[in-house]
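Both complexes shown next keep subunit A, but they swap its partner, so subunit B is in the first and subunit C is in the second.
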Partner chain A sequence: MTLRLNTIAGFSDLQNSTLTAGKRARAMHVAMIINNAQFGMVRLEFFQDKYIDGNTVILPVSAVDKYNYSRDELTYFWAIKSTQNASTGWLTGPDCLWYLSHRVQQWDPTPGADNTDAGKVFSEEWYRKSSVHNPDGAKSSDGVLLVTTCAQRAMSNLVVQYTPHFQGDLTSLINIDDPWSEDLARRLNVAAKFSVLKNEVIYMGEFKHGDTVPTPISPADGYPYTYAETQFIPSWRWSTQGNLYREPDNYLGQLQRMEMAVAPTTGVVTLRVDYKGDENSQYTTTHGRIAVHALTTRSVAIGPVGP
Partner chain B sequence: MIKIIDIDDVAIDQGVISCLEPGTLPRPAGYAWQWEHDAGTPGTSCGNSSLVTSPTVLGTSRRFDFSSNGYGGERFHIYLGLSNLDSTSVNFRYETMVYIEDPTHISILEFDLNQVIPNGKTVIYGMQLNFGIGKVQYTTNVAGSAHWNDSNVSCTPLSAHAWHSLVFQYHRDAAGIVTYDSIVIDGVLSSFVGCSGDSAFSLGWTPVGTLLVNFQMDGDGSLFSAVAYLDGLEITGWLTGELQEFQEIDVSQLFPGRELRASIVQRANDNILEATNTPEVFPAVTKTNGQTVALPVGADGYPYVREEIHYVWWWKSTGPESNDAFGRPKIRLPLFRANVDQATGLVTIVVWRLRANAIPELTNDGSIVVVPIGMRQRQIPEISATEENPPTDLRHADEVRGSIVITTNTGALSGQALFTVPLGRGGLYRVTFTAKITRVASGGSPSSTLGGFTLHYTDNSDNQASVTPTSSSSSGNSLSTQINGSMIVNMKENTDVTFDFDYASAGTILMMYTVVVAWDEVVPTGGPLIGGVRYNWLGNYTTNF
Partner chain C sequence: MIVTTAPFAAKNLRLVKQPVHIITISGYARVFVNRSTGVTGQYDWLTEDGIDDLTITVSDLDGAATLSDLVFHVQDKGGAITADFPTFTFEGKKVILRTGFNGMNQADFATLFVGLITDVSAENGNQDYAFTCTDIRQELKRVIYTVGDDGVTKIDSTHPRNLNGNPFDILIAIFQNELGLDNSAFDLVGVQDLRDNVYSGIQFVATLTSSPVADEFITNELMKPLGCYLWPNANGRICVKSFYPSINATPFLIAESSIIGIPLAEQAPLINQVITRFDYSVDGGDPKAEVVSQYSKSTTLYGLYSDPHIIESKLMRSSFQGFYLSGLTSYMIFLRYGMKSLMLGGNSIFTSLWTSAMLEPGDQVLVSHSILPDRKNGIIGTTNQLMEVLDRTYHFRSATVDLRLLDLSSIAGLVFAEIAPTGEPAFRIASSADKKTYMFMCADNDLYSDTTPGNLLG
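Up next, the complex of A and B:
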């Protein structure tokens, strides 16, 4: 059954110290735990669509509870769905691709940062003919990107004081005639907060061949993720030299192959861009630059209840 | 747990479109909609059903045409097939959206699920909205016959030309005692009270686990016709305690002084577990063109459906480059694209290449990495594929050509396969052969006859199986003996081309030979203008150098 929620839940960092034996079970605290679980159900949502150069990624609305996301709750990764011109369905320039650059402008959380372009899509694709005698390229705004918008509620201001851990199924602690106890209340509280942070998407920045993407750290509770808990999602930023966006050397010729990988266990970036020059010459380079997001999943091994 | 979605979208309909209908049809081998008059209703009826795209909520709905006289009811049903057998689930939910063009004369809408349980009986989970008496009714077995009982829940006629959502939920015990739990009409939940009874029938259905879904309309006694549509029809079945779903808790029922019910705490616990599993990120998989991303199963056994999966993907590589007919890697990148079909998980990768002195050609080189992300209880919209639109006269870009080499041969060849003329590529082809003795005949009275060569094809001008004149042969018996030839013939598309090669030899050691046959498409000149560059069909990329 498709999930529909009548209320938009918020998050409360309810401390376990308030859930103590001998104290009344306060309705407010139970409601906070319930709301946190509901918040956890929708805290991270994904929206995918096709975009071209000059578009701005739409501000999504949750189909579950009609929550309207704001720009500072969004981060974007993209894939080259097609290099074609979206209108003509074919290439705009002559002959073959030469080099490419794609980007969706991320939100900059730095105080005072200019975020006018946040969510804007840029696509620049260059074509050229073969042979060193045809060095002039033709610039185009071809390209159709599949943009995945990661919407994380309270992305920049969610604060959880103590790292929560998974508590497992607590059914055995729920008694018909005595449904509430300190231990159960605390574990439900921690488990609900864990559900909020179990998956996060963290923008890691841009990288080139040979760089190492570090392990991410949760901005919410400072939890240091391991590589085993991290799925890196790379997006091509550009295909030419990694440290400087400029046209490839003339002799290299036209684009032949693009290849990228981020090693899951080490974060090491491997990029390969091949060019086809004149005659039988082929050049393999480590050109390219990628933007990387970390899609994290915390271990569901049962952990301590904590403070 | 079993979840069968989009039942309304099953494309096959096997009902009889006539009035009166000839009774119940034999059960189909597969998954198909059928319909017939319900003999348990007075009067007459007839029906028809088809897939339509309007009106719809999810892209495709099923239309049900119904004519009735004298309270006649028409039953539409679908047997869910051997792939959806389920005898173990004891809880079920029947969920659908219904749209009626004119409900004036429809007195009853019935929504049933039938299940053959392990004791061999068929449990009928029967529910109907009886607008005539304003009650939701449920089925039980009274003296071997289905009996409709009034529930405590009222209903009013559904408005015309509007989608209405309906959710029925019920459970049974091992003997087939069914308890009807709740109904949700347009988002309003009503719980049934005391709606329970034996609903197992000895119908003799097999095999155990059979599931069958019914939708029925009954008339109000007048002579009339009506049209209804179902969309989003799905059945979910589960064992007690197995259903994994988030259900919103109304926190307004929590206030000071009120007792905290265990059921709320249990629901909170279950919701936390569901929220913990949402989203669920599955391991990255590398896929090439034509492969399918498998539908994942949750760590807790949750059975995802495609609508609940986001496919996040990126290019792993646009290579390696495939080879052309001569074993050379195809080169350069005019254009590339990829797609993962939301509805099927099918991966499509297209990488165009441009060889020197040629025109762009399509390959399926490359691979992508896909990370499936499960979002429970969501309906993720599909994103259409982006397909390129090459100039229409690029269809000859991928020239048909190749060769075959047969060595150490000591006999004639008959019906030797060469190639198949591709669809849409009928026309002139050049076939060239050469044969040479590689071992002379010797001993006894040695002799050799090499050839001739005969081509078999279907002619493009008259569609007749045709044979070229047999080439000359050679009776030489030396290592320098060879024959060769070339021919151009007009071949029909989508036909096979073969050849015969004659041979004769005598002696204690027979003659051995090698034959090489090559073919290529003879294409017309005068190619397309692409990006300001004139191509020609013979492959000269004229302004390239």
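Up next, the complex of A and C:
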């Protein structure tokens, strides 16, 4: 069965103090809580497609409620679907891959930042011959990226004053004749807000071998995630030296093997880029640079209702 | 209602009385009155023309109200005022108009107007002066948000100003920070109450790339989308009135004896379709969200022949419950204008005795008149019709008050339930008092298990 919502829900940081015994029981506030619960179902959505150099990732539309995402609600991670030239179906050359750089321009939330290129896909792949002395390096825009768009509604401006916690199953408190009590109203309010923040995607920046990706902090409520609540999603930025994008030393030869990992319990980045040089020489390096996103999931242990 | 003392309220209830008006100009020794008070420094030099009509006109659907200029006419007795000109500049001075009754302690007088003198013109062959005074809240004409987030004193696409917060926090920040108003210049408590109760959790978001004028921004971007309007009260304080239904336990009574002439039962303009546009991008362009709300109860009866009311909001976002909020505001408009409800004083004149002078926009009144048609019940004669005050005009010369009143019978008699305390028992075993007071969950047929009709959410 496909999830469908007839209207676009949104978020509201309805304060528990409004839901105090003796205050008017407002339909508006019940509706806000329902809206938050619905918003929690769709706040984070993922879209995926193939892109090549020069493309701009499309602005997605939710299949659930037809919500039109805006650029400032999107971040992107990517994987190399193919290093080939999408038009010819073959490498541009000459010879073999040397080094590469891929990027989807993220939205810069800095006030006044130039976001003209946000969502634009960049793919630069260099080729070379095997000769150490005459590699004849050549740049191409080969490469097909499989871009995952993390669409997160109100990504940069959703603010929750108090961290919400999981409230458990409240179904038993919702029956005909049951009171719309302060306790129930507040717990539903907090639970609905928890559903909004239960999963987040947070862009962590770019890292090189040996770096440690820190634990993320929710931009919405400042909640400090632990590594146990975090899954890291790395994307190759480039394959050459981690701290500077430039061609590898000639003697290293042609690009061979690439591996990346972010340790789930420590955030330590491990990168390995191998090259095939002259004759039988093979080199293993810690070259490379990755962009990292964190997919977070908050603990579902029942917590306090809070203020 | 304009707040008055008990002695004032008691005297005001009398149908026959002689209002005394006192006009004080800040820093000026002479106080002008319309009849002799015997108080030193008070001069009964107000001419026969006295004080011109003073009107507040409410454009509730546009989020605003306009207060006309106060013009009063004073004899230049023996050239005394002319003699004051070399040593006193009237323009820009604060004017307070207070009213009371003969024999009343002036400390009990009520304030009707606070403004600023903008013009002092000679008239009547140079024997009199006409003082023109404008609404004291001229600050609202200022341009606001002139500094970008980066501190640059000009906002544009590279130095934008981001707004993100509860719309009433944004309003308070405009008053305090952008306009530099003292908290006494606006109804801080009232605005905070809207922020913390009815509109708790509402969030507006925008990136401004140009600086707007305060009153246009407030009315178009904050008031209108929320179903509110801004109005100046008698003390010159800026207030906010929300369409969100509120029940006044003791509405002001306008009995037939205090109504002058025969009031015509007019119909309020019909609005049963509202179009709300929002989710504008930073660069402008078309809105990404548009909601067309129709009031089926009304369209079934009357059809769709009136122009839709259009709301365009740069700050409302679908990701912050824009769709719900647009529906709510539309519904509140339909409650006021969706059923061709009764209006008094719209195109005709509805005049009441000076007893009604303390009424302000948003006040609730109960109107009774023996020959005012009651269309709902199909009879001639209306008793205790709940209505809301919109416009008000003071006729100082005749000591009467014109009002424009809008039917509020859609909420008349409603009792809204309260949130129950934690531990409240279920409806079937709750005390009879609690059953009436608190909200309990009912079945899909709106009944409790014992078939009692469900209480109302407010």
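Throughout what follows, the second predicted complex is superposed on the first by the 304 of 307 C-alpha atoms of A that agree within 3 Å, B and C clash if a C-alpha of one lies under 4 Å from a C-alpha of the other, contacts with A are read in each partner's own complex, and residues count from 1 in each chain.
To be clear about the criterion, contacts are C-beta pairs under 8 Å (C-beta built on N, C-alpha and C of every residue); 3 or more make two chains touch, one makes a residue touch a chain.
Every value quoted in this text rests on a predicted model; they were computed, and no experiment measured them.
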| item | value |
| --- | --- |
| Subunit B versus subunit C as contact partner of A:Ile233, first or second or both or neither | first |
| Contacts of A:Thr7 with subunit B and subunit C, given as first, second, both or neither | both |
| Which of subunit B and subunit C A:Ala27 touches, first, second, both or neither | both |
| Per-residue touch tally on subunit A - higher for subunit B or for subunit C | B |
| First, second, both or neither for A:Asn35, with subunit B first and subunit C second | both |
| Touching partner for A:Lys198 - first (subunit B), second (subunit C), both, neither | first |
| Subunit B versus subunit C as contact partner of A:Asn68, first or second or both or neither | second |
| Partner chain(s) touched by A:Ile174 [first = subunit B, second = subunit C, both, neither] | both |
| Touched partner set for A:Thr116, first subunit B, second subunit C, both or neither | neither |
| Contacts of A:Glu45 with subunit B and subunit C, given as first, second, both or neither | first |
| Contact residues common to both interfaces of subunit A (with subunit B and with subunit C) | 7, 25-27, 30-31, 35, 39, 174-177, 179-180 |
| Contact footprint of subunit C on subunit A as seen in their complex | 7-15, 17-32, 35, 39, 67-68, 70, 73, 111-112, 114, 153-154, 157-159, 174-183, 185 |
| Footprint of subunit A on subunit C - complex, ascending | 148-150, 157-160, 162, 164, 196-198, 200-203, 205, 244, 279, 281, 288-289, 317-324, 328, 416-428, 430, 438-443, 448-449, 455, 457-458 |
| Complex interface listing, subunit A residues touching subunit B | 1-7, 25-27, 30-31, 33-35, 37-41, 44-46, 48-50, 63-64, 77, 79-84, 86, 88-97, 127, 129-131, 133-134, 144, 146, 148, 166, 169-171, 174-177, 179-180, 184, 188, 191-192, 194-196, 198-199, 231, 233-236, 254-261, 264, 272, 274, 276, 282, 295, 297, 300 |
| Interfacial residue positions of subunit B with respect to subunit A in the complex | 93, 95, 167, 187, 236, 245-246, 248-249, 251, 254-256, 258, 260-262, 264-266, 268-269, 271-276, 278-279, 281, 284, 299, 310, 312-321, 331-339, 354, 356, 368, 371, 373, 375-380, 383-384, 386-391, 530-533, 543-545 |
